[in-house]
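What follows is one structure encoded as structure tokens, with my remarks underneath.
For clarity, chains are labelled A, B, C and D in written order, and residue numbers in each chain start from 1.
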Amino acid sequence: MNTILDVCGLVKNFRGIVATDNASIGIRDGELHALIGPNGAGKSTLVNQISGEIRPDAGSILFQGHDVTQWPAWRRAQEGLVRSYQITSVFNEFTALDNVMLAVQARSGRNFASWRNVSHDPALTAPAMDALELVGLEGEACVQVSEMAHGARRQLELAMAIALQPKLMLLDEPLAGMSQAESESMTALLQRLKGKISILLIEHDMQAVFALADRVTVLVAGRPVATGTPDEIRTSKEVQDAYLGEPEDMI
Amino acid sequence: MSLSLVILQLMNGLQFGVLLFLLSAGLTLVLGIMNFVNLMHGSLFMLGAYFSAAVLGATGSFAQAIAAGVLGTLAVGLILERLVFRKLYARDHMYQVLATIGLILFFNEAVRVIWGSGSISTAVPEFLRGAVAIFGLPYPVYRFAIIVAGLLVGLGLYLLIHRTRVGILIRAGASNAAMIAALGINIRLLNTAVIGLGAALAGLAGLMAAPISSVQSGMGEPILIMTLVVIVTGGIGSVRGAFYGALIVGLVDTTGRVFLPVLLRSFMEPLKAQTLGAAVASVLIYLVMAAVLALKPQGLFPVRHG
Amino acid sequence: MKRLHKVLGGLGMAAAALATSAALAQDPIRIGFVGELSGPQAALGQDQYDALMLLVEQGGGKLGGYPVEILREDSQLKPEVAVQVTQKLIEKEKVSMITGLTFTPTAVAASKVAIANKTFVIGSNGSSNNMAGEGCSPYVFIVSWQPVPHVAVLAKYANEQGYKRISLMAPNYVTGKSFLSIFKEHFKGKIADEFYTPMSQQDFSSEILQIAASKPDAVFVFYPGGLGINFVRQYRQAGLGDKIPLMAHGSLDGTNLPALGDAALGFITGSIWAPDMDNAANRQFVEQFEKKYHRIPTMMAAQGYDAGQLIASAIAKVKGNVNDKEAFHAALKAADFPSVRGKFRFGNNQFPIQDFHVIKIVRDAKGRVNQTVIATPLKDAVDPFAAQCSMQ
Amino acid sequence: MVNNTYYPSARSVVSVVLLLGFLLVPFVAGMTGEGYYITFTTRVMIMALAASGLNIALGYGGMISLGHALYLGIGAYAAGICAFHGIHNGWAQLAIGLAAGGAVACVIGPICLRTSGMAFIMITLAFAQMLYFLIVTLDDYGGDDGLSLTARSTLPGLDVNNSTVFYYIAFAALMLTLFFTARMMNARFGRLIQGCKSNHRRMVTLGFATLRYRLAAYVLSALVCVVAGFLLANLVRFASPSYLTWMVSGELMVMVILGGMGTVMGPVVGAVVILLIEEIFSNVSLGLPGNLDSLVNNHWTAILGVFIVIATMSVKRGIYGSLPAGGRKP
């Protein structure tokens, strides 16, 4: 069971505030690893460091055995370390299909091609439609993103991540702001992806977390306080004090 | 190059720097707080010069001329804020650049319609005429007045920004405008106040520069470009950056023009040194800015944006 | 398509020929005026135009006894616009000649179009060394002046005054450098300082301080328009006004005097004309100009007026038939008109051969700051480029 | 799958009318014997070409460059300086101009692209000002007075001095640029550039090394402006520093943004509108009462200024940009 991602001793502080306090976390190949913690625990900051958008002050990040700590964000994405955003970050002027085709293009390259119309290039349109079908957006392929509902845009964000054929996906609260029906279909989708793509899932929806996660890490004040299977976390003492409160609230 | 000459040249640089500071202070706040690129700031400088020159010509009293220069541009600034700027705060920089270029074209012609195509004259006020000998060399009294007045206004601005409630609002706005709006501060009033402050300072700079330069249509643009260099070098939105930036650009520009040819003359024949020196001097401040931006894209004294 | 085009074209020509011969008297002669009428330097182009219109008004809408129509175009100090408006005047408005031309870039561009269309140019200011030299053309007559004698007159004056050391200053562009090099050629004494300032520099106090330090016998500078006002004012404010005599080109011409006021008193410049020149044509011109426009005429106005008088004399000679190119060319070359400068004739390159005077800024009889001639060191000066021109 | 039958939209109507108009001007001018309009329209097309060049960087790439007149100047002076040294072959001059323009763009491009927002606007303006001051001090190339071309550059097989032939050369250059821009912006490179404008941070985390592509777009837009400068110098037979002033860069921005940035025909519409305003208000007497006529003629730039302000505030995506677009049926 080798690990796909090894984060050791990561430290990051912003002008005195310690956002990441000597954090170490390992994600096994094909695992869906959930990262939970109260607001302000530093979850997003940790993901931003793993994705390469923020440089850590200390510690190292190993991805598939390579030390990627110094790599720029785009190079990590090329290697299959892909992320989605807590606040939806997509291309509003384009249609849903165009958005996903850009993700496909990021993987397939030939970016200087200046003649062939992308919408006539099956190498782009086919994988893009597949990704849209996977998240259930094939009906809205030609709708401009600025006119899409919030939930649909979260699904699009995921479709783009999938279209990148990632080895590890960092999902930052994919279910945020989704209706009950949408989050159920998203959870079903993540269930299907488990095993094929390893996932680091940040989520507040405890039902989804405990339904999906192989293992859970609890982050408090920038430091992982506990890691284990969902059951172990549910019953562990430290987690309750720091985060979950009385056991009965949780069930 | 006697020592006294060096000191006098530095004073010239200081005087030009002070003038640039009056222009940059207002513009950097407008850019920092409202994220509004106001290229017509140079036109306000021109209007300040025209208003004061016209009133001085008519009434002959320097006090009324100052009032006309400052209040006139303040009025123009507030009217424009109401009619044009307010609609553009939310828009992208491109549209702001465009609208303010349109205003530059308009004001350059408007002054020609009112005051004619030639340049109009305005004399140095009686009590500031003549030159005073420093280290045996004549130095115009009026330029002293500009340095002193500019530094006083600078001090006043510093106190306003760092010691008063309005100042706190302005600094908070510079670092995170959305936040203070959320706190219930009347952001619309603050915007108007900052534009007004910027316009008044530009008008003051204009009326102070009027007696030592030609008051003519289009006089605002060359100094506008220097002002933009100052605020980008100093750090957008920071008055401290504008102050130090203005002094740096003022000194570099003046001393570059004077000392560069002398430096080149040591290993080049005089005429070549002169022309090359002047050519390099005219692009010196751009080189300085490009260097600063290449090393610190946020400028020398960046405001920490929340 | 081509055939139809040719037929229509042919028809057009026949109609035009018919028109000119039959209705010679009624149809006004159409004259195109091209100049810088907008932007910061608009005052110069405006003076050329106002003087020309003054002459037309004095002739009751006629020049040389024949009705004329002046079509005015603004070349905006942009060569591409100068080409465009000149072509419009020649092809669309069918003018028979172009006059005006304020600045060198637009003057050169416009003249090229006129020469290509075999249309006469009577330029009342802008010209280039090439136009006086190899590039001279029978179609181009310039009534203004050539830089070399214009500057040499002050150098000659400096020699006569016995100045030994002189400081020089000019903006760091082609015209600035050529003015100073012409001065150095003709001045016998030593050069104390030589400063070139960047184009955008408005503040000359640093350089003025250095001049004060080197204490020369006199100073010669070239600063046009607004730069000139800045320089003269700062020179006066630095207290050098009455200590070191100042000779300046471009700074002390008529358009700047109102803005300079007393600051200019006592300073020297060189020119081909001054408002107080003692000849009948000039007295009448200055008086009429001040009555109509309420300002003292400048050298640009004088040149515009002379261009008008030249055209009028030529029209009278060819009795209005300006389309007879040989006759009109000869009439223009004869330059048989009472110039406000007194003496005026054309050299082989159709640039003027004229006297150059030294002008002092004084307070005139009416208490206004004005120009007066104090010496004429250069008589019947021929510009050095005339030799390079192949015309006789 | 996706079919893209266009339904005729206002935009395609305007484009066809405009392009046909350009095609027919020489014939109409020939018949009415007013060759003047050939020169005027040539200038309009050359400025439209420069605006289309800027559109690649500004409209599609989101790079607010206030210094593209720099490349217009390089193109013009390439023609001027080569002619001065006796090289009259048009292709050679153009090749030298493109090489020089490309080199300059490759040097200052990376420096500019390190900055963003206001700093980017300022640094592009600064580099253009530097070249302006440099050219003004070059004595042997005419400096401030500009440099006149003894003759138009020769293009083998074409009689360049015939204004109609030169008209169609400019027309062909504009058409080629518009066609390639349209193709490119729907191809991978164009999509990438537009993605960077829409959401640069997301493009990076998708795995695009964005700098090289944005630099390529910047250099490409510079080269188109070099061609426009080369044509302008040949149209006027004159290369002058006035092509490099920052107001010309501003004018190009006005044409792109008011026309409709990020569209193919936007800059062309912008160029036509701006230059028509100049032509109508500066020289044509409108028969207005009293001396208002001469007031308008003397101060037409004030009217242009007011037009720009009002148009910027009211027309959100530009004159052409706000027209309903042709769409692809899903």
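Keep this in mind: contacts are C-beta pairs under 8 Å (C-beta built on N, C-alpha and C of every residue); 3 or more make two chains touch, one makes a residue touch a chain.
This one's a predicted model, so the numbers in the text were calculated from it and none came from an experiment.
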item: Steps needed, at minimum, to go from chain A to chain D via contacts; value: 1
item: B-D or C-D, whichever has more C-beta pairs in contact; value: B-D
item: Centroid spacing, where centroids are CA-atom means, of chain B and chain D in whole angstrom; value: 32
item: Rounded Å distance, chain A centre to chain C centre (Cα mean); value: 75
item: Cα-centroid distance, chain C relative to chain D, in whole angstrom; value: 35
item: Interchain centroid distance [CA atoms averaged], chain A/chain B, Å; value: 49
item: Multi-chain contact sites of chain B, meaning residues that touch two or more partners; value: 109, 112, 275, 278-279, 282
item: Contacts with 2+ other chains: residues of chain C; value: 38, 42, 172, 177, 198-200
item: Multi-partner residues of chain D (each touching 2 or more other chains); value: 133, 137, 298-299, 301
item: Contact graph of the chains (line, ring, star, complete, other); value: other
item: Chains touching one another, given as label pairs in label order; value: A-D, B-C, B-D, C-D
item: Complex contacts: residues of chain A adjacent to chain D; value: 51, 53, 72-75, 77-78, 82-83, 85, 89-94, 97-98, 101-103, 105-107, 110-119, 121, 124-125, 141-142, 160, 164
item: Contact set on chain D toward chain B in their complex; value: 58, 64, 66, 111, 114-119, 121-123, 125-127, 129-130, 133-134, 137, 246-247, 250, 253-254, 257-258, 261, 295, 298-299, 301-302, 304-309, 312-313
item: Residue ranges of chain C in contact with chain B within the complex; value: 38-43, 46, 172, 177, 194-203, 205-207, 209-210, 212-213, 225-227, 229-230, 233-234, 237-240, 255-256, 258-261, 263
item: For the chain B and chain C complex, residues of the former touching the latter; value: 2, 5, 8-9, 12, 16, 109, 112, 116-121, 123-124, 129-131, 137-140, 142-143, 211-219, 222-223, 254, 257-258, 261, 270-271, 274-275, 277-279, 281-282
item: Partner chain C, residues of chain D touching it in the complex; value: 27, 30-31, 33-36, 39-40, 43, 133, 136-137, 139, 142-146, 148, 232, 235-238, 240, 242, 282-283, 297-301
